[in-house]
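In what follows, structures are represented as structure tokens.
Below, chain A partners chain B and then partners chain C, in two separate complexes.
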Partner chain A sequence: MTDAATTDHWIRRLNLVQLVLAGVLIMAPTVWMVLSSFKPSFEVTAYPPTLIFTPTLDNYVELTKTTPFLSYALNSLIVTVGSTALGLLFGIPAAFAVSWTRISWPAILTLAARMAPGTLFLLPWYVMFRQVGMIGSYTALILSHAVITLPIVIWVLLPSFDGIPRSVFEAAQVDGCSVTRILWRIALPLVASGVAVSAILAFVFSWNYFLFALVLSNGDTKTLIAAAFNFIGEGSTQWGALMAAATLIALPPLVLAALVQRWLVSGLTLGAVKG
Partner chain B sequence: MASISIRNLVKRYGNFTVIPDLNLEIADHEFVVFVGPSGCGKSTLLRIIAGLEPISSGDLYIGDKRVNGVQAAQRDIAMVFQDYALYPHMKVYDNMSFALELRGVPKAEIDARVKRAAALLHIEPYLDRKPKELSGGQRQRVAMGRAIVRNPKAFLFDEPLSNLDAKLRGQVRAEIKALSQELKTTMVFVTHDQIEAMTMADRIVVLQSGTIQQYDTPETVYERPANQFVAGFIGSPAMNFFPVEWRQERAVLSQGGTAVALDGDAASRLRQAGNAVLGIRPEHFALAADADGIAINVRLVEPLGSDTLIHFDLAGVSAIARVDPSLRPKVGDRISLRPQPGKTHLFDAANGQVLR
Partner chain C sequence: MSDTAATLTQDRQKLEMAALSAPAVIFTVAMIAFPVVYTIWLGFQHFSSTGKQSFAGLANYSKLISDYEFWHGLWVTIALYVLSLVLQLVFGVWLALVLFHAKRLPGIVRSLFISPFMMPPVVAGMMWLVILDPSLGAANYILQSFGLPPSDWLASPSLVIPTVALIDSWQWTPYVALIVLGGLQSLPPSVYEAAQIDGASPFRTFQRITLPLLLPTIVTAAILRSVDLLRFFDIIYITTQGGPGNASNTLNIYGFRVGFEFFNIGYASALMLTLTAIVFGAVLAFNRLRGAVAW
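Up next is the complex of A and B:
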């Protein structure tokens, strides 16, 4: 083998090692979570972890018996779908307006809001929502989760809108379109995959968000992820049930991501390449 | 159909003035071409007429209506863009019918108008295709089709041929000219290509730094350029310029003092001015007998088939003459040239304006 071929060979091996390491690092907790959910309670915390065991559905049965799991799931769905819809409703026109006017500070502001720790919002919101008697309502949860979904929609769609040649919008103007009509008839169909990607990402982030639901929900509106917290007790934690709940909670985002995996990557890079 | 009137128009971007003060009258049914080098303001002017750029000051009329603050959507003009700007998600048919649909034109009439325009432009077989399935030339035709279905007050073209190859460019150029004669609508065409300007326009606007240098018919702009800029810009290869002086009762090249045979009219203008810039187009050199011509050494030969270009150096200027191909000149040949009588141009040495 020549020197170059040897180097190439080693680089390929190194790449493989890196990929395996990264895969293990990312997937190990998920695999542990899923396996644990099928283990008898006493085996979940066994050390060293048991890899060979008799799978059982006891944790799942216990989960459905001891908690109104389906109604929590419905709560999660209402809040997630509501906040995703709200994010799209305001995020699509906002991203288009930022792209159209080239005034970027509003988008940066929403990003800054997204990057700020959730606790920053929590106290003012708690006070405000309590004042208007909305604590524990779906509306309060949906509104608060819009802080998560709105910036995602704006920032995923902005490069997509920017990627449409300006002359296409100008042609529509000359053809007789108002700006609103340009958005709905011309721009939106051209960024459809970006909208789908932003909706999925917004859904996943909102679905997984824990903090706001923990404080702003009540027994009737608690979301799955906040409800799962109940399995962690002061004296003892029901690890098996917690793992079963976590597995079920993780299922919708994982399935969604797997279904649109290819689309997700191309959608995220949509604005970077002009057609 | 409408005239376009621009009065004291000023366009600024911040502190930068693109168009300092422009007045222009385009008559109804006229085909006017804006031509000039990059950055001369021709596209900006077209976009101002379209309503895509606001005016800093001055007035713009389309027909009798002052349209300064009127949105592009309400101006009833059609525009063909340099990159065609077709709607990628719509089929060719929908691209062409979109503007009519927005105006609430009945479906049957839309269909008739789209099919008529498609027939005119030979794009009927592509009506069900998306723009990405078309070649550059076909897309260009669709862009024109989208404009002509509307019967607008005026058509605006923003360098629509610049993305086509040379052969197709010539073909589409002829088609646009034929179309303008058939449609009898006001047309404004922007190009940096002076051949497009010469072949298509009823009148040409030659622009430099946002200022009109000359506004006249192609023949006049070519034969009687208003200044040295226009003379150098229109015509290919460009006009040759030589600094000349009136010395000892004859015209001589300022550098080297070689005598130049000028006709009586040109000679008297030079006598009056003392010195000037002499402009001779490559095609206006004639072979001369050694005695009354200017001897030059052929530096480069470019045979074009129909004629031959000779490159030579004279009085510190790199010049070109267009000669008959039967002459078969060779590099290094020494030949004698003289300007054809009545075909020379004299420009003020200081400000470049033509000396009349």
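Up next is the complex of A and C:
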């Protein structure tokens, strides 16, 4: 008995050691990025690297002075909010219809975007948007990013709608409610938390998306992610400003993800795993 | 009489349902289905350096077969894919087991564990670019303090693929772990109790019971990662742009550059359609595998 207890004790200790090790491996690079962004410029490139330093906001000030960081951020916000709204507008009714009728092809169709390489769509979009003079427009960027947000909204909401007992709808139908009315008045309030999770996930993945804005934006509409090159610079070692930019770009998705982490798993796997 | 009324309501309901799906379907057809068909057509076109377009038949595809860069890109894509997938599945299962046995994990810890894959891949690239800098990076300092020789990481033609695989695995191993953790939590506890009564060792229990039962979940994780890994783009484009030389020129990077740097839209379309076929092939193959390991 004591033998088993000791083994158990050691296994638990070993597990704790592994947990800490994994935590350090996962966190260390991000911590290093954030630390570097607060270092004085001569310390960022110090070798051997320093851990103790007087923190400064110089890099952040420099970033806003030497690059149009804030207008890039505004562009990112416009494209992300626009595409998330569009994804919700089209995705909520579609998810409800798929859940109700069990006809799943509309949901599967939207998944195509999740599987094919983005360049496959980007080539024809480029030719088409150029013909109508929409390269560099917010409209083109929002439409292209909605291709990312729509399947997220649909697949996150499907299990939520599936979870509502049928009897709720049938009772409403007997009372003469139209399907559209049932969706907005009865079903939607019941899946409010699912809508919030889907909106946040759509926001994060639209914010993080790189490829489309790389080609479809211009100097005035460039998003933060597409502008990342401007911060890296040609062979420069402005690491402080670079790490400040990286920290600021990563901040919105990280904060949002932390808010909904409990519901993220099922959403992130597009329904493949029930979290 | 009431029958007709019921049919009428049913028809009305069908119509209303179709109307609800319509915006999403129309949007997807306009933004995905039609452009893909258009890409297929573009794949048969030749774009001259002045932007003139002419029918090229299968010329783009025969060019592809004799194009050294295509075969190199395919090799780079597959090498990066296999290396990254193996790393992420092995460490993902390990991390899932560690998390599974750490009961009552506070929410903040879970937030930390998902932080890498919620971060934009571009930011991950920027961050690792600084850490892995050959002369001033922290990674080489750590190597040297253990008495190991410094490495050129992303600047080395022979190491760039493993290095990119390492960066991607840092970002996505926690994602695989969360999926596998979901699978672990749904396993029936009774099978473990039986194993315990039989006096099986923890390793044997894992090998004989946990792993086989987890296989469907692991295959699901493999499918989700395959789709992203085969179209690898962001981290490479931000760190090496396919270099040094062409050492990390994956098919997606190559196709993008052919299309948007050399503006050979026709050939780029042929390349992208080929890559898409590879991705769908992999998904179908894994789907069959999932059927084979289901329980």
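One rule holds in what follows: the second predicted complex is superposed on the first by the 231 of 275 C-alpha atoms of A that agree within 3 Å, B and C clash if a C-alpha of one lies under 4 Å from a C-alpha of the other, contacts with A are read in each partner's own complex, and residues count from 1 in each chain.
Quick note on the criterion: a residue touches a chain if its C-beta (ideal position, glycine included) is under 8 Å from a C-beta of that chain, and two chains touch if they have at least 3 such contacts.
What you see is a predicted model, and the numbers here were worked out from it, not measured in a lab.
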{"item": "Which superposed partner A:L190 touches (first chain B, second chain C, both, neither)", "value": "first"}
{"item": "Chain B versus chain C as contact partner of A:A140, first or second or both or neither", "value": "neither"}
{"item": "Touching partner for A:S167 - first (chain B), second (chain C), both, neither", "value": "first"}
{"item": "Touched chain A residues, chain B compared with chain C", "value": "C"}
{"item": "Contacts of A:S178 with chain B and chain C, given as first, second, both or neither", "value": "both"}
{"item": "Touched partner set for A:A112, first chain B, second chain C, both or neither", "value": "second"}
{"item": "Shared contact residues on chain A - chain B and chain C", "value": "178, 275"}
{"item": "Residues of chain A touching chain B in the complex", "value": "165, 167-168, 170-178, 181, 185-186, 189-190, 275"}
{"item": "Sites on chain A touched by chain C in the complex", "value": "11-12, 15-16, 18-19, 22-23, 25-27, 29-30, 32-33, 36, 45, 47-49, 89-91, 93-94, 96-98, 100-101, 103, 106, 109-110, 112-128, 143-144, 146-147, 150, 154, 178-180, 183, 204, 207-208, 210-211, 214-215, 225, 228-229, 231-232, 237, 239, 242-243, 245-246, 249-250, 253-254, 256-258, 261-262, 264-266, 268-270, 272-275"}
{"item": "In the complex with chain A, residue positions of chain B that touch it", "value": "50-52, 71-75, 77-79, 81-83, 85-89, 98-99, 102-103, 132, 146"}
{"item": "Interfacial residue positions of chain C with respect to chain A in the complex", "value": "13-14, 16-21, 23-25, 27-29, 31-36, 38-39, 42, 94-95, 98-99, 101-102, 107-116, 118-123, 125-131, 135-136, 138, 141, 170, 174-175, 178-179, 181-183, 186, 202, 217, 220, 223-224, 227, 230-231, 233-234, 237-238, 252, 255-256, 259-260, 265, 268-269, 272-273, 275-276, 279-280, 283"}
